[in-house]
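Sharing a structure below in structure tokens format, with a few things to ask.
By letter and in written order, the chains are A, B and C; residue numbering begins at 1 in each of them.
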Amino acid sequence: MLSRVLSGDYPRSPILTAALLVILFALALAPFLFPGAQPLNVAAKICVFVLLVASYDLLLGYTGIVSFAHTMFFGIGGYGAAIVLSRLGPSWSALALGIIAAIVVAGTLALLIGLFSLRVRAIFFAMITLAVATAFLVLASQLSGFTGGEDGLNYSVPEILRPSFRLFDAPLFGTVVNGRIITYYIVFFAALAGFLLLLRVVNSPFGSVLQAIRENEFRAEALGYPVVVYRSIASVVSAVMAALAGFLLALWLRYTGPDTTLSFAIMIDVLLMVVIGGMGTLYGAVIGATLMTVAESYLQTILGSLGKLGAGAGIPFVSTLLSADRWLLWLGILFILSVYFFPTGIVGKLRTHWLNRKNKALQKRSGSASNK
Amino acid sequence: MTDRIAEREETAVAAPRIDWIPILLTVGVALVALPLIGSFSTWMTLTVAALAMGMIIFIMASGLTLVFGLMDVINFGHGVFISVGAYMSLLVLWPLTGWVESPSIWLNIAVLVLCILVAMAISGLFGLAFERVIIRPVYRQHLKQILVTMGGLIIIEQLLHVFFGGSPITIALPQNFRGGLAIGPDIIVERYRLIAVVVGVIVFLAMMLVLNRTRIGLLVRAGVENPEMVEALGYRIRRLFVGVFVAGSALAGLGGVMWGFYQQTLTVGMGLQVLVLIFIVVIIGGLGSIGGCLIGSLLVALVANYTAFLEPKVALISNIALMLLVLMWRPQGLYPVVKV
Amino acid sequence: MPDPLLTLAGVHTHIGHYHILQGVDFEIARGSFTVLLGRNGAGKTTTLRTIMGLWRASRGTIRFAGEDVTARPTPDIASAGIAYVPENMSVFSGLTVRENLVLAARAGKIDAARLEWIFSLFPALQRFFDSPAGTLSGGQKQMLAIARALIEPRDLILVDEPTKGLAPAIVGNMIKAFREAKNAGATVLLVEQNFKAARMLGDTVVVMDDGRIVHRGAMAELAADAALQQRLLGLHMEQHA
């Protein structure tokens, strides 16, 4: 049963299993464990980013191609929800239309980009996706009649999802189950379903071909697998999942703008989450997204106060170096260091650690057996 | 029979081949735009602006394309040298405000030249450090290269933030470079654009001279084609590569100065914005090709300027559209580099 | 053999997952003309590339002129006095014939007398001296590749199948070029499938199969022994001859 849900892909490290269980447990019960708007916000963001990062890992880790257009697909999902809700009003049918439109647009665009740029050289893909994503960002912030421009779009959601809605009259385990909590669970279960679906994809025969292509493109081609087709399908699946993540975020925030979905900073965040968590393992996405989101939500404050301390001590530039705005600087350094020194990320490290221990234990046992 | 084959081998005509089609295409774009725009003076203004912009883009893009050709290294951090160059011109402009505002054209030129020299020196140094720290450990690993060079871009960009602040900085053109110059009845072009064209042409000619008339230039051209054979002839391609990388970074810095004056506003993110344009240019031109880089730059600039005038909304995606059209026609770019 | 110019001892080379050279041993005496024979895929090209450092030997040592060059970078190996003419010719097609030769002359400029000699062997190069090498015919490119190796005196010249796909008349000129280079004191290691050409040129022969050396000896000996030829080279070689 569990094997089917996880598609036979177990964490393969007790520490990792424990961490994943803690995260799953905390996210599943977040509204009851951590009361207040801010923690629930962080939990919802983690859910969205787990899905976003996992879908990106399908490209980067499993297929070995770098795309800078992932936030574009994220944005297509977000704007899909935003545009239908603000134009057609807060109805479920509008939401359904929004998600279908977002999936169709994201999938088609991903297919077009893939067919264009995966045909020539893998390196083109990174450059072309960067160009296309930038153009999309410019379009979104310029076509204000349609997208709300730089200000983005505010809209209301169906009534059941609003904070004023109460599911029960009495609080449940001391928490009032309002529309926000219902929204949170929609986000949580959709993200979980999406994640498990991705897990299924990467562990299917299709996923094995992707990894074969990543290891040796020419050999895969020689074995009769059309590389371009496989890569294009992977990029379509990844784009659709990113759009779904964007849609969930839009539902949660009730606001969509360039900064929440399309900005380059989010792209960098996603890259970092994949690399730190571990490329080529979807569990890395969970670890990376959780760590980074929590860090970004809480550490920035700590960094900011450290900076003030430095300024108080009269050390020049320390305050600017440590101010919360310089978050990206430290991320950049962390990013390069992890690519150099931890290319397999946290999950990779944990797995090797466990494998080594098991091997040592095995050797010891066989050693003592031969001594007898 | 065999003698006849030999004869054919001997008399095979070897004439230098220049592919004229992309060049004619660029001229054609300019000519087609004329009736669409309708007014000759407007067309002229737009065309000069495009030439200026195109030459600046060329200066910035040339290093990237050569670095790729030589070592198969794709530097996503290239854009940051543009920002560095632009911001370093402040080190000259701030103390020498008097020269900027001086009515003497010589002092104006002197300040521009100083900006260029300082910017080139410092972005060249940044390039040297970047090559050692960021790129050297990930030679021949495209995936990691893209990731770490992007990381390097973020770090240097953020450092500029720390030292110069995050808000846009306005810079003034030297006194004599401001305003327009009448070059015919009804035709007025901005002076600075003419200067940009002149600087661009000088850089292009200097580059051609180095590439075609010096031993180092020959090695670079040979190395882009077949780095392995250059090594087998006894030359250290690595050293050559570092040189080209530093020169390319310095040129990006020079381009940054010119671009900064062109926009008259500096933002820390300007390098990344231009980087996208540069990528489009080198993809259109053919990765590794210097001639393609020039034609690509001019083509992109012409199309951008004309569409911005004719249909501003379309201009937002004109570059992408141009790139897709070129790739449909020639999937390796206008001037594909023949790799052995 | 006193003081061989080049020695390979137990050289193994891996390319990716493939174990191509599996312990190659041979020596090349100064002033000799050695032909490396063997069927396709025997490891001849890999041997030359490993000597040049273009592939790295995973085990064993390569000594050139008394020095261990196994781990040296390719440019150093070339500078030590080895010229290399690869199988695919590898002329720089964007450079003119002149520019190709200028780069091959490490001294910086071309020696006039030597250029005259090259022109006398390959007149086409004189005719197209200032044309891009990319516009030359296949045979002319091959001549240029060889001219590049001959433009300055080198201690050792490695040549990979120069006669492949060439008209016999051109092969004749090429053989002449190598013979004159040898007479001028160069040592040559030539990979060849064409036994007829090999027999005319070589004084020593090394035969490879499956990444190992299977025969070493004098060319005259092999040329005289049809049974040995049959055993080492099989009908495959005879078809070429």
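Keep this in mind: a residue touches a chain if its C-beta (ideal position, glycine included) is under 8 Å from a C-beta of that chain, and two chains touch if they have at least 3 such contacts.
The structure displayed is predicted, hence computed values, not measured ones.
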Starting at chain A, fewest touch steps before arriving at chain C: 2
Central chain (by mean CA position): B
Most remote chain, CA-based centroid, reference being chain C: A
Chain A and chain C, separation of their C-alpha mean positions in angstrom: 55
Cα-centroid distance, chain A relative to chain B, in whole angstrom: 35
Whole-Å gap separating chain B and chain C, where each centre is the average of the chain's CA atoms: 42
Contacts with 2+ other chains: residues of chain A: none
Residues of chain B whose C-beta touches two or more other chains: none
Residue numbers on chain B that touch chain C, as the complex places them: 2-3, 5-6, 8-10, 12-17, 215, 218-219, 221-222, 224-226, 228-237, 338, 340
Chain A - residues contacting chain B, complex: 60, 64, 66, 116-117, 119-120, 122-124, 126-128, 130-132, 134-135, 138-139, 142-143, 264, 268, 271, 275, 317, 320-321, 325-326, 328-329, 331-333, 335-336, 339-340, 343
Touch list for chain B against partner chain A, complex: 74, 76, 134, 137-138, 142-144, 146-148, 150-152, 154-155, 158-159, 161-163, 166, 272-273, 275-276, 279-280, 283, 287, 313, 316-317, 319-320, 323-324, 327, 331-332
Residue numbers on chain C that touch chain B, as the complex places them: 52, 54, 73-75, 78-79, 84, 86, 88, 90, 92-95, 99, 102-104, 106, 108, 123-124, 128, 131-132, 134-140, 148, 167-170
